[in-house]
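These are the structures in question, set out in turn.
Shared chain: chain A. Partners: chain B in the first complex, chain C in the second.
== the complex of A and B ==
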C-alpha cells in the first residue's frame, strides 16, 4: 500500500511542473486577451506531458538509469552537451521567473515590494533544497497544491463562461495585429507545460524512491492524475481570465493583475488564495528546476547526487545548486520582469524541445534499456507531432515577438 | 574498436562515458578517455582510464584539448589503471574505496573548503 503514497510524486511534479510562474502567466494572459482561444494548446500540451512523464517513469523504473545517465552513456559526451546547454540557458531564465513568482506572491501578502522579497525567495529555495529530504520537497507542495482547486471553484461561483466566451473556444478572436501575440502565447503555453526539466526531475525522483519494474502501474496512474490535475488548474485560470479580465480589456501584464480574476468572486480571500497558489506552485517549481539542473549535471558528469544525503556527501551536486541560484539572482539584477521572463523562458524552452527530447525518444525505443517495455508506435507518433508543432510555433513567434517588442 | 576480456567482448562505447563507482559505492566520475599501448607484436592494450577537463575538451574537438592543456597544465587530469576495474558494464566497479583514488578529489576539496562554511552541510 505504501507505494501508492508515491502518487504524491506525480502530484508535486504537477503542482510545480505543470503549474508554475510560466503557466500562471500564460494562462492568465491567454484568457484576458483571447478568451478560451488557447485552451486547445493546453489540451495538446497536457497530452504531451502525460505521455512524456509516463515514459520517463517507465524508463527509470525498468532500466534503473536516470535520463541524464542514459544520454551521457548512450550518446556520448559531445552529444550530451546539447541538451545540457539548452537546459542551462532555458532553466536559468525559468528559475529567475519562479523566484520572481514567489517574491510577487509574498508582496501580495505583505504589501512590501517584490524586489525586496526576491533574495528572500532565493534563500528559501536554497534552504529547502539544502537540507530537506526528498519526500518533504515532494509532499509539502503537493498538499498545498490542492489550493489550485480554488480556481475551479471560482469559475463555478462566477456561473461559468457566457455563450460569447464559449464561442472563442473553437473560434478564437484574433484580430489582424494580434497574430504575433497569439502565436507567441501558443508557443509559451506549450513550452510552459512541456518542460524538459520535468523529465530530469521525475527520473531522478524515481531513483531517489527506488522505483522498480513493479512500479509501472503506479507510474501510469501518477502521470495521468498528476498532470491531469495540473491541467485542470491551468484551464480554470484561462476561463477565469476570460470571464473576469477580458471584459475589462485588461492585458494581464503583471501577475498581480492576473490575481484580480480571483478577487472578483471571492474578494480579499480570493486575492489571498491566488497569492497562496502562486507562492506554492512557484516554490515547488523553483525547487524542481534547481534540482533538475543539478541532477542533470551531477549525473552527466558521474558525481554523487541525492537529496537524501548530507550536502558534504554530494558536494559537487550541492555546490551546483548554490551556483545555479546565484545565476538566477544575477539574471534578476539585469532587471527583467518575472512575468516577461516566464513567457520568454517558456518560448525558449519550446524552441529547444527537439534538442532536449530527441535523445529521449531514441532511448524510449531501445530494448537494451527497456526490454519489451519500449514505446508503442502510436505514442511515438503523438509525441513527435506535438513536439514539431511546439517547435514550429516557437520558431515563427519568437522573432515576431522580438520585432514587435510586445509581451 | 573492441576489447576482448575472457569470453566477453566489449566495444569502446562500453568503457568511455561509463560511470566509475568505488567499492564503498561512491560515484567518483565518468570515463572521459582511454590510454592504449601499442606492443611490439602489433597488439593494442588498454592501460588506463582517463578523467579530466582536458580529456573531455578533446572529446568535443581535438584542438580544444591542446588549448585546455595550455591553460590547465594537466592539473586536473587523472588516470586509473585498467587493472583497478573489478566489474565491467554501464557502471565500472573499482577495487578500492573512494579515498584511494585521485579521481573525485574535488568532491572532498569542495566539502572541506566551501561547504563547511554553510550551516547544516554535515561537515565534521
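== the complex of A and C ==
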C-alpha cells in the first residue's frame, strides 16, 4: 500500500512540477507566434527528460551516489568544474527568471508592481529552502502545480484548435525573417524542459530519501508517467496561445498576457487560475534550482549537505543557498524582464547541455557504478541525438537573437 | 559489454588525451557553425526595425485585449493594472529607440508612427480601469497603434 502511495505521489509531483517560468514563457510565446508549430519540440524534450530522469534515478538508487559525487570521483575535480560552471551560469539566470515569475504572479493578484514583489519572492524562497523539510519542498508546490491541468480543460472548453490552427502542427507558419525567432524558441523549449538542475535535484532527493535497488519501479513509473503527463500542461498552453492569442496578433511577450488565454474561457477565475499556476510552479522550480545548485557545489567540494539537516549542521551548504539567491537578485538588476530572462536562460541551458550531460552519459555506461543496470545502446543514442539538436539550434539562434535585440 | 559502452567508458578514465583531441575538433566545428550563423544571419532574421515594430504592434494588441477583457468582467482590476505595468515597460522609450534601428523607413513614415505611438502610450500610462472614463476611445487608440506598428513590422 505504501509503495503504491509513493508511486502515485511520485507521478503527481512530477506532473505538477513539470512547468516553470521557462516552460510557461516558451509555451505561451510559441503558441502565439507559431501556432502548434513547436509541439514537436515539446515532444522531443519530453522524451529526453523522461530518459534522463529515469537514468539519474537508476544511477543513484543502484550506485548509492549522487550525480555530482560521481562526476568528481570519476573525472577528477578539475573536470568537475566545467559542468559546475556551466550549471552556475545557466541556473542563476533561470533562478532570476523563476523569482520574477513569482513576483509577477503576486503582482497579478495584488496590482502592486512586480519590482516590489521581487525581493519578497527571493526572501520567500530563502525562508522555505532553509526551514521547510525536503518532502514539503518536493511535494507541496508540485501538488498545487496540478492546477496546470486547468489548461487542458480550457482547451476543451474552447472547442480545441480549428482546422487552420491544426495545420500549423505539421506546417508551421514561419514567415520570411522569422526563422531565427523560431529556432530560438525551439532551443528555449528544449532547454526549458531538459534542465540539468532537475537531475541534480532528483539525484540528491533520491539520496535524501535513501533509495535503493527496490526503488527502481517507483523511479521508472515516476519518470515515464509523471513527466509524460506533465508535458500535457505545456502542450495545452501552446494550444491556448494558438487558439486565443495568435488570432489577436499577440506575441505573448509578457507573462500577464499569457493568462488572458485562460480568461477567455473562464473569465476572472481563469485569469486567477493562471496567476496561481505561475506562482506555485515558479516557487517550486526556484526552490529546486537553488537547492540543486547548492547540492551540486556542496557534493562536489565534499561539504556536509542535506535539506533535512539543521542549517548549522550544513553551514556551507546553506551559505551557498544565500549567495546563489543574491546572485539572482543582482542579475535582475541588469533590467531584463522575467519572460525574456526565462527565454534567455532556457536557451543558454540548451547551449550548455553537452557540457552538463555528456559526463553523465559516460557514468551511465560504467558497470563499476551500475553493474548490469548500465544504459542500453538505444537510450544512449536517443539522448545524444536530442542533446546535439538542442545544442546546435541554441548555438545558431542565440547570437542572432542577441544581435537583433530579440529574445 | 557492447562496443558502445566500452567507448564511452574509455573516455572517462583511460584516454583523456583522446578526449581533449576530440574536444579541439569539436571546438573547430563550433567556430565554423558560429561563423555560418553570423554570415547567414541576415537571411533568416528580420531587420531590427521590423522586429521591434512588430513586437510593439503585438504589445499594443495585448493592451487592447486586456482593456477589453477588463470592461467585460473577464479579468480583475488588479490583474489589468499589473498587466499594463508590464506593457509600459515593454513599450516605454520606443520613440527614442525606433528611429535608430537598422532598416528604418523614410522620415515621414517614422513621424506618422510616432504620432500614433504617443497617443497610445497615454492610454498605456493611464488606462481607463473604472467606469468614469471613456474606455472605447482608449481601445480605438490602442487598436490604431497596433495596426500601424504591425504593418510597419511587415505583418
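Going forward, the second predicted complex is superposed on the first by the 391 of 407 C-alpha atoms of A that agree within 3 Å, B and C clash if a C-alpha of one lies under 4 Å from a C-alpha of the other, contacts with A are read in each partner's own complex, and residues count from 1 in each chain.
The working rule: a contact is a pair of C-beta atoms (placed from the backbone, for glycine too) under 8 Å apart; a residue touches a chain by one contact, two chains touch by 3 or more.
Keep in mind that what you see is a predicted model, and the values were worked out from it rather than measured.
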item: Combined model on chain A where chain B meets chain C, clash or fit; value: fit
item: Partner chain(s) touched by A:301 [first = chain B, second = chain C, both, neither]; value: first
item: Which superposed partner A:92 touches (first chain B, second chain C, both, neither); value: neither
item: Touching partner for A:310 - first (chain B), second (chain C), both, neither; value: first
item: Partner chain in contact with A:392 - chain B first, chain C second, else both or neither; value: second
item: Touched partner set for A:129, first chain B, second chain C, both or neither; value: neither
item: In the superposition, chain B vs chain C on chain A residues touched; value: C
item: Touching partner for A:72 - first (chain B), second (chain C), both, neither; value: first
item: First, second, both or neither for A:81, with chain B first and chain C second; value: first
item: Nearest-approach distance, in Å, of chain C Cα atoms to those of chain B in the combined model; value: 9
item: Footprint of chain A on chain C - complex, ascending; value: 1-2, 4-5, 8-9, 11-13, 30, 33-34, 36-38, 41, 44-48, 50-52, 54-55, 57-59, 61-62, 65-66, 69, 73-79, 81-83, 85-87, 89-90, 146, 150, 154-155
item: Parts of chain A lying in touch with chain C, wherever the complex brings them together; value: 32, 74-75, 104, 107-114, 175, 177-181, 183, 248-251, 253-257, 259-260, 263-264, 267-268, 270-272, 275, 337, 359, 361-363, 365-367, 374-375, 377, 380, 392, 395-396, 399-400, 403-406
item: Touching residues (chain side chain A, partner chain B) in the complex; value: 65, 69, 72-73, 76-78, 81, 130-131, 300-305, 310-313, 315-316, 318-319, 322
item: Touching residues on chain B, where the partner in the complex is chain A; value: 13, 16-20, 26-30, 32, 56, 59-60, 90, 104, 106-108, 110-111, 114-116, 118, 120-123
